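Worksheet for the structure shown next.
Chain IDs A, B, C, D and E follow the sequence of writing; residue 1 opens each chain.
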Amino acid sequence: QEIGVSMALFDDNFLTVLRNGMVESAAGMDGVNLQVEDAQNDVARQLDQINNFIASGVAAIIVNPVDTSATEAMSAAAASAGVPLVYVNRQPVNADSLPEGQAFVGSNEIESGTLAAFEACKLLRAAGKSNGANVYILMGELSNQAAVQRTKDFDDILATDMCSFMSVIDRQTANWSRDEAQNLMTNWLSSGQEFDAVLSNNDEMAIGAVQAMKAAGIAMEDVVVTGVDATRDALSAMQAGDLDVTVFQNAAGQGGGALQAALDLVAGEAVDSMVYIPFELVTPDTVADYLSAN
Amino acid sequence: MSDVILQTRGLTKHYGGVHALEGADFTLMKGEHVAIMGDNGAGKSTFVRQITGVEQPTRGEIHFDGARVAFKGPLDAREAGIEAVFQTLALADHLDVPDNLFLGRERTKWNWLGPFRRLDYRAMHADTIAALEKTGVKIPSIRNTIQNMSGGQRQCVAIARTATFHSKLTIMDEPTAALGVQETAQVENIIRTLKSQGEPLILISHNMRQVMDLCDRIVVFRRGRICANLRAADVTGEEVVAYITGALTQPKYAVDGVL
Amino acid sequence: MTGATLGTGGLKYDHAKRHRPPELNVFLALILIVAVFEVLGQILPYMNGQSFLFDTQGRFDSIFNEARLKIIILQVAIVGIIALGVTQVILTGGIDLSSGSIVGATAMIAMSFAQVAEVNGSPNTRAVFFEQGWVDLPVLVPVVIGLICGLVAGLINGLLVAYTRIPPFIATLGMMVTARGVAKWWTMGQPVSFPTDSYAAIGAGMTPVYIFAVLAALFYLVMRHTVYGKHTYAIGSNMDAARMSGINVQRHLTLVYTIAGALAAIAAIVLSSKNLTAQAGMGVMYELDAIAMAVIGGISLQGGRGSIIGTALGALIFGVILSGFTYLRLDAYYQEMAKGAIIVGAVVLDQWRQRRAAQRS
Amino acid sequence: MTGATLGTGGLKYDHAKRHRPPELNVFLALILIVAVFEVLGQILPYMNGQSFLFDTQGRFDSIFNEARLKIIILQVAIVGIIALGVTQVILTGGIDLSSGSIVGATAMIAMSFAQVAEVNGSPNTRAVFFEQGWVDLPVLVPVVIGLICGLVAGLINGLLVAYTRIPPFIATLGMMVTARGVAKWWTMGQPVSFPTDSYAAIGAGMTPVYIFAVLAALFYLVMRHTVYGKHTYAIGSNMDAARMSGINVQRHLTLVYTIAGALAAIAAIVLSSKNLTAQAGMGVMYELDAIAMAVIGGISLQGGRGSIIGTALGALIFGVILSGFTYLRLDAYYQEMAKGAIIVGAVVLDQWRQRRAAQRS
Amino acid sequence: MSDVILQTRGLTKHYGGVHALEGADFTLMKGEHVAIMGDNGAGKSTFVRQITGVEQPTRGEIHFDGARVAFKGPLDAREAGIEAVFQTLALADHLDVPDNLFLGRERTKWNWLGPFRRLDYRAMHADTIAALEKTGVKIPSIRNTIQNMSGGQRQCVAIARTATFHSKLTIMDEPTAALGVQETAQVENIIRTLKSQGEPLILISHNMRQVMDLCDRIVVFRRGRICANLRAADVTGEEVVAYITGALTQPKYAVDGVL
């Protein structure tokens, strides 16, 4: 069986794990052939890829949407060609109204930013800064949905009574990149402003910020740094005491799950139209459990 | 003053430290054919570039057809009625002969379409052949692009362009430099026709015989300055060469007491 | 045309040999690439003799794999529209790096005026102008607003290039960065979805292909048969000569860039309609694809040479490559590597055939 | 030099007026931009009179905000290294779009030979060549391998441009796509982290700035005082003339692109070392930044004009802009919009001053 | 045969449908100065481009200095000892005069550095002034770039370049077309010096006086074919013009029975 897979982006650490999870479980099955395409973060390219899959006559399609609000056209294309379609990892807008033969396997993006920011809030309180704490926010690429969502989650937490003591000095984008985050953090440091926490949309940027702070001789115990993704580099940084919070999402599990759902749909079996896999908070206390996970 | 078509006063152009043109006072009467001569680098082409608006002079005034003018660009000069064959020819390399001949004033149909009006290739084509035949040049196919033309063929295209459109003043900067014997004769005929039609001309040339044959007056440039203004009928070729090389200077053009 | 009217004589001239349109080479490259895919499909064992263009499984009524033919054109139609504008810019000797970003910004802005009032029965509170009540507007509103966005962006490009004389690369690079900023700022990065049905119809099905075809035909005529086209070529061939010949180069350049902006806007409208969403990241790298299409189609980056037909063929080559890779189930990694090689290969082939033709004749 | 040796006479010539290096304009633009930030810092109320370049809080020994000065240069040093190579390519009249992707591929490959054996006390089983036992290698190994990658990529660019005569835009666009594919394929998209200490030292602290400074000085001398430099300018000025003058244009172009590739590789090594990681997406858009730096520094995209000093100043302008925005805490959206405008503005200013200078003199 | 420096047999060049050069059989003896004349577009420059390796001939053989050659490019031709002033001059616009004069064979120091060997600006500078003075051109500052030079100044730079380096064969394509009276005389002196040194020369020129003065033999091109091969001492200018215009053709060059 030929299964077409369109990934939002190949050079994303998390999605790479997810993709590999899928490829590995396919390798373990007989007669299942995966064709994985890279949509390079372009919704239009993704739709074209789906149409190309249809032209090639694949049995089912798995889509990791570039953008969850761009899924309507994809659902329509697959449905009219009668090809089963499974969305993975990012919840499509039309999740409640998916056509017959389509499903979603993944998690709710809202959780990740919320978990991280709330943990930061608790850590700052524990450190006795509940009468006022300054934070910097590192945002991902502004045209990217995860960046927008996670930043919004941060804001929502910061707006709660419990965490409103945290005030944002500045928020800037570092485009998911460690290098840009490093430069940005150094720029912030050069203004000499005091701060207590750095909330980052992903781990890479958090690590960049950590590197910049360490280069400037700032003691990492005094600053709360949060990321999202639980990448290996991040876990290592956490073990070293640099990173305080990150959020884990079972990527490989999602990949395998999506593949199974697709095969079930092809076989005509009943499939839950929504399968949720929750985010999990990672702190120095629990880091050991995740070391070999992603 | 109504007999004067072009007059410059104190026209000056400096390029960085190079004083390419210094205080040129020049007058051209209607119907008159004047030659400009001078060493290489004497400032002749620079003078032409100032009066055709290709460059902005550093100083000085230009009066054309009774009014003071300050052309912002060659478009202005052409609209005022000055046609020029530049030394650099100003041809578009990738276009063919008719395209170049009519560049900027194409024959068109459906003119209400503004910039999208339709080109009348047929009319331009026929006119091109006619214009080229006047210059005597042989071009196997006018549909070939200019970049594939020989040096003389290009020059003839540029001359044909100027000769095709009527103007108040024609300027030719070394028009026959690259031309063969026959073509030179034809172009000289074109110039004679202009004379008989009473159209004024400024001709830059290094060819003494040609200048003596065709022009009423010779203005000599030296080191960026005018150094002589001679009636062609009154001088010999040797005398003109003497002015060019600096052996002679007319008293009224002497600078700093140096003749 | 008889020999007599072709020139004023001189050398011996062999009329038969004259016409050798360079687009022919591009076309042959296209055929060659299709043939390679077809042959690979036959000889690679895992392909089970599946055909690239033909219907071997009886899925369609005709002998062709219609789904493939459609997607080949459909997936390049939108970038193709941009490429038409970019072609004109390149013909003047310039370059337009901003088209992809103009697509992003225009798509966001146009789409936000094309919102439905209700989604699945409940009010569409996420509509950008929900509070103003600007929902369910007639389709003309977003289209006109989108076109205006593109025109303005193009106009700014044009004014910068024409009047300040900065290199087009820089003027449009600036616009590229700025327009991308606008796209993100418009809704603070939020995507805009749920267009009205009439807006959604613009890019539905094969409509993008028809729009591309009509525009391509139109601009073919314009470039070949109008003063606009002639002046575009003249400026690209020798800007100084064009100026000295009395062409209003500044006004013309402004017009060319403005038209390129408008075409990017059309692409944006079609794209957002086709995808039923607008995203700030839309159109990233489209400018490079559009330029590559033009150059593969034989447009010289020095300006002055090439034709719209070439660009259209270049777009088709792109479409074939993209589809062919999926058809061969090539790993995404190798796809990218191969895509680079094929782009280069197509142009090399073109150059090589041109030079051989020049030599042999 | 006395007047007598400067020429063979003719016109009056005013020696005093000759020298007006165009880099001066770029430098003035730089000063202007710094001044604008400084003034904005004083007048914007929320800035509390904080200074851009000066130390108003007594944090440093000197009167300058040294942290700011350092980051201004540090954040552009790496792209600056690329820009040195790109400058040479542009001087030949070409363009290099592949440098950013070469950075990505080279960083991945080099880094995978620079892995430590143990991370946090446990074996680094994820090291790319863990099974082969290629860990804890001497720093020379990844550096040399990285350089070879860059040289090979540059060589391919150069051979394509020189011998097949395809436009550099296309040759390097192909390499851009291909090299990005290689970067992703090398580890199937996995990032490569945990380098050895000696590798990590290459990009630590201010070392990138020193590397940039040394390379810039070196290439300044090379471009100005060697045959290599002269031929680079000659080719960019008029390739046919260079060929007819007996310059081996093909060999020279190959060399230029190869050197550009090598500089991209150096940038990649420094970058991955500085970040302690290599990612397939590294270096995206660096090529455009590098080109923009060169053009802001006065390098003509037509080739033949400009100097390495200009490029270095262009890089500084970039650094100042980036730092200045953060300093003003400008919203990210507005940053992008403003960045586009400033790039354009800097070049417009440069052009305008040059034309005024030409006019006035 | 050892007296022959250059010989072509059946040299032919077609550009698309244009038969620019057709079966040219041409022989040049050591020490001989030969002029090539002909209408514009007759194929003279095309002939030069074939023997200097700028283009590859469609057909035909070239023998140079006793061996059959097939130059892949102008570099080969130059290394074989052919120096040429092309009609298009082949100068780099953004470089200054010394840079252009020494382009491709710079005076250098530290030669062990290979392509990175150091330029000896001082030596090139001095030599440039000397070379320019031989052509008689006046250039206010040799540090100015070529794009800022007048037409004649450029041409003199190109000529100075050829005259500075010794060669087995010198080719000049209309070298004095843009030159003034004085400069032309100087360049003619340079050519006479070559003659006295026994260096062979091919001179393309439309200037009858010049050709008659300087050359031993005149080869006339017409419509891409050689139509006459004349000893300068045996003919008058009028006769040569008759050959150029097609009034006369030498019997051995008659094509298809048409004279």
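Assume a contact is a pair of C-beta atoms (placed from the backbone, for glycine too) under 8 Å apart; a residue touches a chain by one contact, two chains touch by 3 or more.
Being a predicted model, the structure only gives us computed values, none of them experimental.
Common neighbours of chain A and chain C under the contact definition above: D. For chain E, the chain whose average C-alpha position is most distant is A. Of all the chains, the one whose CA centre sits at the greatest distance from that of chain B is A.
Over half of the residue numbers at the interface between copies chain C and chain D are found on both sides, making the touching surfaces mostly the same.
Inter-chain spacing, taken between the CA centroids of chain A and chain B, is 71 Å. One inter-chain figure worth recording: chain B and chain D are separated by 47 Å, centre to centre, where each centre is the mean of the chain's CA atoms. Chain B and chain E have Cα centroids separated by 29 Å.
Annotation: 30 Å between the Cα-based centres of chain C and chain D. Across the assembly, chain B contributes residues 15, 17-18, 39, 41-42, 88, 137-141, 223 that each touch 2 or more other chains. Among the residues of chain C, those touching two or more other chains are numbered 10-13, 18, 180, 184, 188, 331-333, 335-336. Among all residues of chain A, those that touch two or more other chains are 10, 38, 142. Residue ranges on chain C touching chain B, taken from their complex, read 5-13, 18, 222, 225-228, 230-231, 233-234, 236-238, 240-248, 252, 255, 304-305. Chain contact summary for the complex, chain A toward chain D: residues 10-13, 16, 19-20, 38, 139, 142, 169-173, 176-179, 182-184, 186-192, 204, 207-208, 211, 215-216, 231-233, 236, 239-240.
Within the complex, the chain A residues that touch chain C are 2, 4, 7, 10, 33, 35-38, 40-44, 47-49, 51-57, 66-67, 69-70, 72-73, 81, 93, 96-97, 141-145, 147-148.
Residues 50, 57, 59, 65, 67-68, 70-71, 74-75, 78, 104, 120, 180, 183-184, 188-193, 271, 274-277, 279-282, 284-285, 322-323, 326-327, 329, 331-333, 335-336 of chain C are the ones that touch chain A when the two sit in their complex.
Of all residues in chain B, those touching chain E in their complex are 15, 17-18, 38-42, 44-46, 87-88, 137-141, 144, 148-153, 155-156, 174, 177-184, 206, 208, 223, 241, 244-245.
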